[in-house]
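Labels run A, B, C and D following the written order; every chain starts at residue 1.
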Amino acid sequence: MRIKVHPVLGPLKGKATIEIEVDGRRISAIPGEMISSALIAAGIKVFRTTHKKGEPRGYFCGIGQCTDCMMTVDNIPSVRTCITPVSKGMKIKTQYGHGKWEV
Amino acid sequence: MIDDEELVICRCEEVTKGEILEVMEKGAETLNEVKRLTRAGMGLCQGRVCRRLVMQIYCQNVGKKPEEIKPTKYRPPVRPLPIETLASGVKSIELDPDYEGI
Amino acid sequence: MGSMSMLTTDVAVVGAGPAGLYAAIEAAKAGAKTTIINEYVEPGGQLTKQIHKFFGSKEHAAGVRGIDISAKLLGSIDELKVEKRMGTLVWSIFHSNILAIAHNGKSEMLRANKIILATGASENAFAFPGWTLPGVMGAGAAQTLINLQRILPGNRVLMVGAGNVGLIVAFQLLQAGSEVVAVVDALPYISGYCVHSAKIARAGIPILTSHTVKKAYGEISVEGVMVVKVDNQCKPIPKSEQDMKVDTICIAVGLTPLVELAWLANCRFTWVASLGGYVPLYDDKMETTVKGIYVAGDAAGIEEASTAMEEGSIAAISAVESLGLMTQQRAYALRAEAYERLRSFRIGPFGKLRDQGKQFIWRERQKYAERI
Amino acid sequence: MQRGFKLTGVLTDAELHRLPGAPSVERAAKGPVAVIECAEEFPCDPCEYSCAYGAIIVGQPIINLPCLDEDSCTGCGKCIAQCPGFAIFVMNLNYSKKEATVSFPYEFLPTYKAGEVVNAVNRSGKVITKGKVVDVKNLTNQDRTVVITIAVPKEFGWDVRGIERKEVKAYDR
């Protein structure tokens, strides 16, 4: 959910003018925001599953330290979505285990 | 607390508290040994999340304070980056022949 | 290795938070060629998400919001023509004076006469069954989401940790529009400032001391949490469980100085619990045991933004003094002033512990100097 | 064992009346006055500079608890929005025959308008009475900290310290 109004930060300035694709589903995003933000705004919480136990993981540290939020972005696996900004037409996939390079 | 053995400590390598205690029981003496035998702290985040937790478990188990033990080592690169990026910088460093590394 | 191009600078500052920005400003003011490097695209560090008004004195912009202090400091950085390398990570230190930096897929070497490490801190983890479920996150991570990204992490939140970070972020979650179900802390008392706990209490949020998380549960993300009362030994008290329906759990159980680069540079370290863990040894000039490498801010021990700013200045003053860009007398006088201000910050029930930590580091530094 | 505000986050009456920033019961009975509910020594002094009458003294060292000079305090309320800790309130126990007013800082949305009837809360966030908004100030120098004044039955003057936030749903999403 986006915070459209805020008592200190005021109204939300960015507009969700671009579209990205997540596992085939199209969602809107604000140019410049991080991939993880667009996903959470769209209600998506599970970003990947782990390689040993297949457990779901999502946004955890928010500053590119923990690697829990990694997804396959434009066929490149293990992209840290919390510090990678969205771009128009970006194709994002839930990553299973270590992911696969799909060239 | 229940589920203690099953508690995941290293999120990246999915190492449990039970596994850490097990290698210590089998003879792992230093933190470095615990790390290498369990792989706790050797995954994607390189211990950024679990380093302190592993150390706490280790300290508790050997009955020592953090100041009395030897921490695990850091090695470059200390930030995650593609090997391709790393290689692009090698050209520009004059390696000192006497330099013994970190 | 024909076309070796090494970047050079007088003073390299790693980290553009309060300590780093102050260091860069002070170094550039003295005429040093100054380069400031920051991993994140946006400089400002923690300041960029601190929407609350700061405590402190006039000199430290008390009463001004962190976000606005950041904007002001960034203005000075630009005015003083500090070279900014944002979105750039430092992945190693070689030979005590070469920083290996990477930006946009390209790695370069930066030789700096003086290096100031103002790399800040990272959030401590707290492991409980279910802590890997999506919906569990650092309090700082939640703060980044709400104040920087303008995204609500969830509707119902449990905050774990009643220190200042936990209390402040809990309040900011309310401001953003989340419901905070409770703030819990295993300690038998609230370790954060009373003014922060009072704000939370007034908002009707229970602060449960001597309580911890037993487990979080949910199918694919957090659906609820079992909170349990603990005794003095932090042991759970049977049958004291409370089930809370939440979709988000924030962890605020302290910070650890982020000092990987100082380890790589072979700086000597010591463990100081009151300052957050391993801290490099340094002297009253903020210089580590490796000549030319300075440390400031949370990287020199977890403290406040205001003290980080002072330490950043002290480190930079000492660096430019050592470069011959400032007279000894002037550097001495400026440091004395800074320490005078720091002294008034490091007394009282909260400041005292940190002061003792700092004194310990200086003593250890002295002992080390005598040994070699 | 910790007691009082370190355990609950809320000042007890005894703790409150011991504070150097709290006015005496006699002074409070006379009319508008600041109540500075700042109980821990940490470095902070914007309140001192905010007062045009010199009624708030922190002095040196900066960790001193703010001390209220209750005879100099006019209850103007300029200090409320300047306290980064939201710890200053203004109480007017003489607002009318039956009512007292309490002014407090507010940094939530949506905000309130004069005339609205609200649920007034005590330090623990518990609704203790109904109140009516009599003033909402949002001046530039308050830097986005709104100061709301509500009128409540006189006997609640010492206890009311805020209002129940409006439903989160009221947020424009």
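FYI, a contact is a pair of C-beta atoms (placed from the backbone, for glycine too) under 8 Å apart; a residue touches a chain by one contact, two chains touch by 3 or more.
Just so you know, these numbers come straight off a predicted model, no measurement behind them.
Asker: Max contacts between which two chains?
Answerer: Here the largest contact count links C-D.
Asker: What is the chain whose Cα centroid lies farthest from the Cα centroid of chain D?
Answerer: The most remote chain is B.
Asker: Averaged over CA atoms, how far is the centre of chain B from the centre of chain C? Could you give it in whole Å?
Answerer: 22
Asker: Please compute the C-alpha centroid of chain C, do the same for chain D, then give the distance between them in whole Å.
Answerer: The answer is 31 Å.
Asker: Quick check: how many Å separate the C-alpha centres of chain B and chain D?
Answerer: The answer is 50 Å.
Asker: Two or more other chains touching the same residue: where does that happen in chain C?
Answerer: 39, 65, 122, 132, 155, 175, 177
Asker: Quick check: what residues of chain D touch more than one other chain, meaning two or more?
Answerer: Residues 107-109, 171, 173 of chain D touch two or more partner chains.
Asker: Show the residues in chain B shared as contacts by 2 or more other chains, in ascending order.
Answerer: 11, 48-49 - these are the residues of chain B that touch more than one other chain.
Asker: Pairs of chains that touch, anyone?
Answerer: A-B, A-C, A-D, B-C, C-D
Asker: Considering only the defined contacts, which chain A positions touch chain D in the complex?
Answerer: 1-8
Asker: Applying the document's contact rule, which stretches of chain C touch chain A when the two form their complex?
Answerer: Against chain A, the touching part of chain C is residues 39-40, 51, 65, 122-123, 132-138, 140-142, 144-147, 149-153, 155, 175-177, 220-221.
Asker: Over in the complex, which chain C residues touch chain D? Could you list them?
Answerer: 52-58, 62-65, 155, 162, 174-175, 177-179, 188-190, 193-205, 207, 209, 306, 344-345, 347-351
Asker: Given the complex with chain B, which residues does chain C contribute to the contact?
Answerer: My answer: residues 1, 3-6, 39, 89-92, 94-95, 98, 100, 102, 105-109, 122, 124-125, 127-129, 131-132, 214-215, 236, 256, 260-261, 263-264, 266, 269-271, 273, 277-278.
Asker: Show which residues of chain D lie in contact with chain A when the two form their complex.
Answerer: 107-109, 111, 144, 146, 171-173
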